[in-house]
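The two complexes that follow have subunit A in common; it is paired with subunit B in the first and with subunit C in the second.
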Partner chain A sequence: MSLTAAVKTLRIDGRDLSGRQEETILDVARQHGIFIPRLCEMEGLSDVGACRLCLVEVKGQNRLLPACVTAVEEGMEVTTNSDRLQKYRRMILELLFTERNHVCAVCVSNGHCEMQMLAQGLDITHVHFPYRYPKVEVDASHDRFVIDHNRCILCTRCVRVCDEIEGAHTWDVLGRGIDAKVITDLNEPWGLSETCTSCGKCVHVCPTGALFEKGRSVAEMLKRRQFLPYLTLMREENE
Partner chain B sequence: MKQGNTIVIDPVTRIEGHSKITLHLNEDGRVEEARFHVTQFRGFEKFCEGRPFYEMPSLMARICGICPVSHLIASAKACDSLLAVRIPPTADKLRRIFGLAQVLQSHALSLFYLSSPDLLLGMDADPAKSNLFGVAEKNPELARDGIRLRQFGQQIIERLGGKRIHPAWIVPGGVSEPLTATNRDAILDALPEALSIVERTLEWFKSTMENFREEIASFGNFPTMFMGIVKQDNGLTFYDGKLRIVDASGKVVADALDPTRYSDYIGEKVEPWSYMKSAYYKPLGFPDGVYRVGPLARLNVADRCGTPLADQELAEFHELQRTAVLSSFHYHHARLIEMLYCVERMERLLNDAEILSLHVRAVAEPNALEGVGACEAPRGTLFHHYKIDDQGLIRWVNLVIATGHNNLAMNRSILQVAKHFVRGHHLTPGMLNRVEAVIRAYDPCLSCATHALGQMALHIQLLSPGGEVLDQVARG
Partner chain C sequence: MSKKRLATVWLDGCSGCHMSLLDMDERLLALAGIADLVYSPLVDTKEFPENVDLTLVEGAVSSEEDLHKIQIVRERTKTLVSLGDCAVTSNVPGMRNPFGRKAVYDRAYRENVTFDPGIPTQDVPALLPYSRPVHEIVTVDVFVPGCPPSADTIFYVVTELLEGRQPDVSPRTRFGS
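What follows is the complex of A and B.
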């Protein structure tokens, strides 16, 4: 295969762009400064297409496609923002807010939360679905970190970073549907985990205030997410 | 509205929270019993269970939009004792300034926004005009002063804490950010204006007192004890010290009580007709252990203010009565003297050599499983009491709020005012307004006291001996 054959040209929001054939719509959009909202996707981690916020319209396709797992194709015409997409994105976020107990005002991540920023960006001022108010536990058994399941949106970034980057695979998902939750080891308290290396990567990739450092007060949990692509890069170079 | 022999005022207006008043009449149409019902419920003590204690100051601040800083302080002090740390001296001073700014803005709200219509326009004024707009029409300077003074307090809170309402700046172990020189200088620059506003309002208030002789004599004018926190030298303080209780004659009943052991001497009784608990002094039992807290109580328990202008005014205040100053009408006067103290004290703290120190936070893991924090909120003594588990999650919370301490005294005050002013089965706006005005003198915060949400309004019911509602008035 020649080098040129691996490059696909496509149009995103009316702009003529190109990407390598293994790249996704989201990759190419990101390279060209086109913003597509997402909560589960993160540069440096594998993609799962779970949150559905990156859904885009592709000409000729009846259904919406997740930009994070859809590879670019020759001649594709992609729309990343439309009334229909905004409506769905708002709905997804509103449903996430109703699912557990998100109280921004007293959250450690207030002002630094990815979900809060997306909601603000989509002008969400009210949630149109009834809240579920489930009774959910907080696990503060770890010496340095806390998981507050009230704020977890099941993006599984923690599960992936622990498995793919740290190699510990402490985190996993238990249960299905509305009963699903992230767990440490075999659903033991985090503080008792034998596999956890206390590296803190899960805390820093978490998009909300579900994972945070102990002792942080409201709005004090600043997350450093930019480290991940470098870690991945260094690892690949060493291999 | 009146039905049978009960008068209902529902809702009570120009106070903070939701309440109603019922007045029971006897066969002759005279008021026999009065009850102050707080009709809102919140449940803060319960839903905090299971939360990390580091969240508590910000969670507790949500109890109130007017005095969030007091809850922040009491909560952070309770958390300091969970950490078992001594916070850096600069953090201590910054918290004090924060607290004083809040007392200033809260007192300004109570006096100018809520009570000045009664004081300026009179108790019998047209209810449609009895508000800040009515005040602005008759005495624009007074209205402007009130707005400016409240703004001044709120702006200090914003300069220190980042925002005016519910700032997250006070944290367990101290404060999250040091004070900048720019902010210190800006606050200092504005202090002289605040001082002159308080001084001229005090003069105005004292000149109007003559018009309220009947009210002074009947607005909660009865012997009770008074409780407040005083400094080591028995001076006025809002932040830290020992509890002192004096009786109606001004004699000290209990001194140097440790606020963290409040449950040894303060009991809380639940009445089926109100969501607000009634606090009482345990050694005298219920209801004889009635005491008052807040501005009037603080000036009755403290030997001095500790700042020159406020001390001068305090001496004059004590001339009102040789014993403790008993009429709840004088809460207004006490509030003004405290505002004077706040401005003077802030100036001294802001000129402290250490005030810009960058060391403002002590860091520690929880070292104790139980902690109590106490401070003087604008409306009186405030206690926050937490228990945590070994992971630092809240397991139990008890809050004793200023308005709860005053519950018994407020009920008695309503009865006294109603007996004096309400006659027969017909209600006039002036009668009702006096019943409301006595409540306003206490400046109750029912949102705090019931730990409920919403606006304050008044509801008075007039009940017959048989219990049916004769008349009721609702405003809000």
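What follows is the complex of A and C.
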């Protein structure tokens, strides 16, 4: 970090704040305890702006901007919460619930799931869209871990942590749109993967119960995410 | 003030929501003071009565019988509550949906049966192609997710509604409970 980093001043939800020019709206909001919901963004990983939950209003812009990939600018006026944003965030979450088969009651992550908590926080008591009930797989071929595609929301945190932090790039995304899915190696069973180091980072960054440790039953999968900012910080200091 | 008319219905669910209702313990007496339970798996009425003020529905709509029942219930109820995840999302009963009805029938009535395998045509209501949340079939007024919603939540929702207020359920319960 350069000591001469340019500082931008902006206003978020009426508060006068400042951030370094390379920081995003989400970074600055987080530093000041302003909550912006998100499912794909994670501190310590690159940002992809995939889930669209962190959309915010920026004065002078007609379209909504994803806070996780929008750099702060001088004089920016940001609103992180409004009826319009709430409406879209609810819609996005409800669509995520319909896209695969999310059954909280029998999920390993029940009570510890980021999506479940966000739904409650946004007052979602039911889903207005028809459920799709797709037939998707569960791959339990790995010795220690399982991927249940029923619960995957394609946030790609597993893909990024595996590539950027572990350096293995076992995970990737196959297909497009509604047919997209995360795969290991060249769409081979996880248990046969030659690149997977079995480090388990993907399991612990997964926001839902899609990735979990074998043998965990309902509500038993507690994810430890503290390692990531710590690991990134240590690496930066050693550089 | 005359007592309100309360009903509960059990569609495709495990009866856990009804167990949770009973878990209100002594508050059931308080409830009995303000409402009459006019229809429920817990009482002996056979026919769903007319002019019900408040009906709690447990369970998804999975069979021809559920479908028939929920339409009558809706017609005769002022305020209809989807109680619990099966009613709200189709939950565990809905886990059969990705496999299709035929696979479910085959597993239950053919693959694991030695004596006279075959799909029953009488006494057991036919399955619908999909197990559905109640609000995909009829209009639902209030949603109470949870598997099951706690006794506290149910007591709160029922008393608020009986006293003419809209309950705020999100702080009290969620999908999965």
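The rule is simple: the second predicted complex is superposed on the first by the 234 of 239 C-alpha atoms of A that agree within 3 Å, B and C clash if a C-alpha of one lies under 4 Å from a C-alpha of the other, contacts with A are read in each partner's own complex, and residues count from 1 in each chain.
To be clear about the criterion, a contact is a pair of C-beta atoms (placed from the backbone, for glycine too) under 8 Å apart; a residue touches a chain by one contact, two chains touch by 3 or more.
No experiment lies behind these values; they were computed from the predicted model shown.
Novice: Put subunit B and subunit C onto subunit A via the superposition and say whether they clash or fit.
Specialist: Subunit B/subunit C on subunit A - steric clash.
Novice: Determine, under the contact definition given at the top, whether A:Gly215 touches first (subunit B), second (subunit C), both, or neither.
Specialist: first
Novice: Which of the two partners, first being subunit B and second being subunit C, lies in contact with A:Val146: first, second, both, or neither?
Specialist: In the superposition, A:Val146 contacts subunit B only.
Novice: A:Ala105 contacts which: subunit B (first), subunit C (second), both, neither?
Specialist: The answer is both, since A:Ala105 touches subunit B and subunit C.
Novice: Kindly classify A:Asp163 by the partners it touches after superposition: subunit B alone (first), subunit C alone (second), both, or neither?
Specialist: In the superposition, A:Asp163 contacts neither subunit B nor subunit C.
Novice: With the two structures laid over each other on chain A, which partner does A:Asp172 touch: subunit B (first), subunit C (second), both, or neither?
Specialist: neither
Novice: Where does A:Glu94 make contact in the superposed view: on subunit B (first), on subunit C (second), on both, or on neither?
Specialist: It touches nothing on subunit B or subunit C.
Novice: Go through the superposed model and pick first if A:Glu77 touches only subunit B, second if only subunit C, both, or neither.
Specialist: In the superposition, A:Glu77 contacts neither subunit B nor subunit C.
Novice: Applying the document's definition of touching, compare subunit B and subunit C: which contacts more of subunit A?
Specialist: Of subunit B and subunit C, the partner in contact with more residues of subunit A is C.
Novice: In the overlaid three-chain picture, which partner chain does A:Pro134 touch, first (subunit B) or second (subunit C), both, or neither?
Specialist: second
Novice: From the superposed pair, tell me which subunit A residues show up as contacts to subunit B and also as contacts to subunit C.
Specialist: Correct list for subunit A: 105-106, 110.
Novice: Using the touch definition from the top, list the residues of subunit A that touch subunit C in their complex.
Specialist: Interface residues on subunit A, with respect to subunit C: 97, 101-107, 110-111, 113, 116-117, 119-121, 123-127, 130-131, 133-136.
Novice: Subunit A touches which residues of subunit C in the complex?
Specialist: Subunit C reaches subunit A through residues 82, 85, 88-92, 94-95, 97-99, 130, 133, 135-136, 140, 143-145, 147, 169-170, 174-177.
Novice: Mind pulling up the subunit A residues that touch subunit B in the complex?
Specialist: 105-106, 108, 110, 137-138, 140-141, 146, 148, 191, 214-220
Novice: Can you name the residues of subunit B that touch subunit A in the complex?
Specialist: By the definition above, subunit B touches subunit A via 50-52, 54-55, 57-59, 62, 166, 168, 171-172, 176, 363, 365, 391-393.
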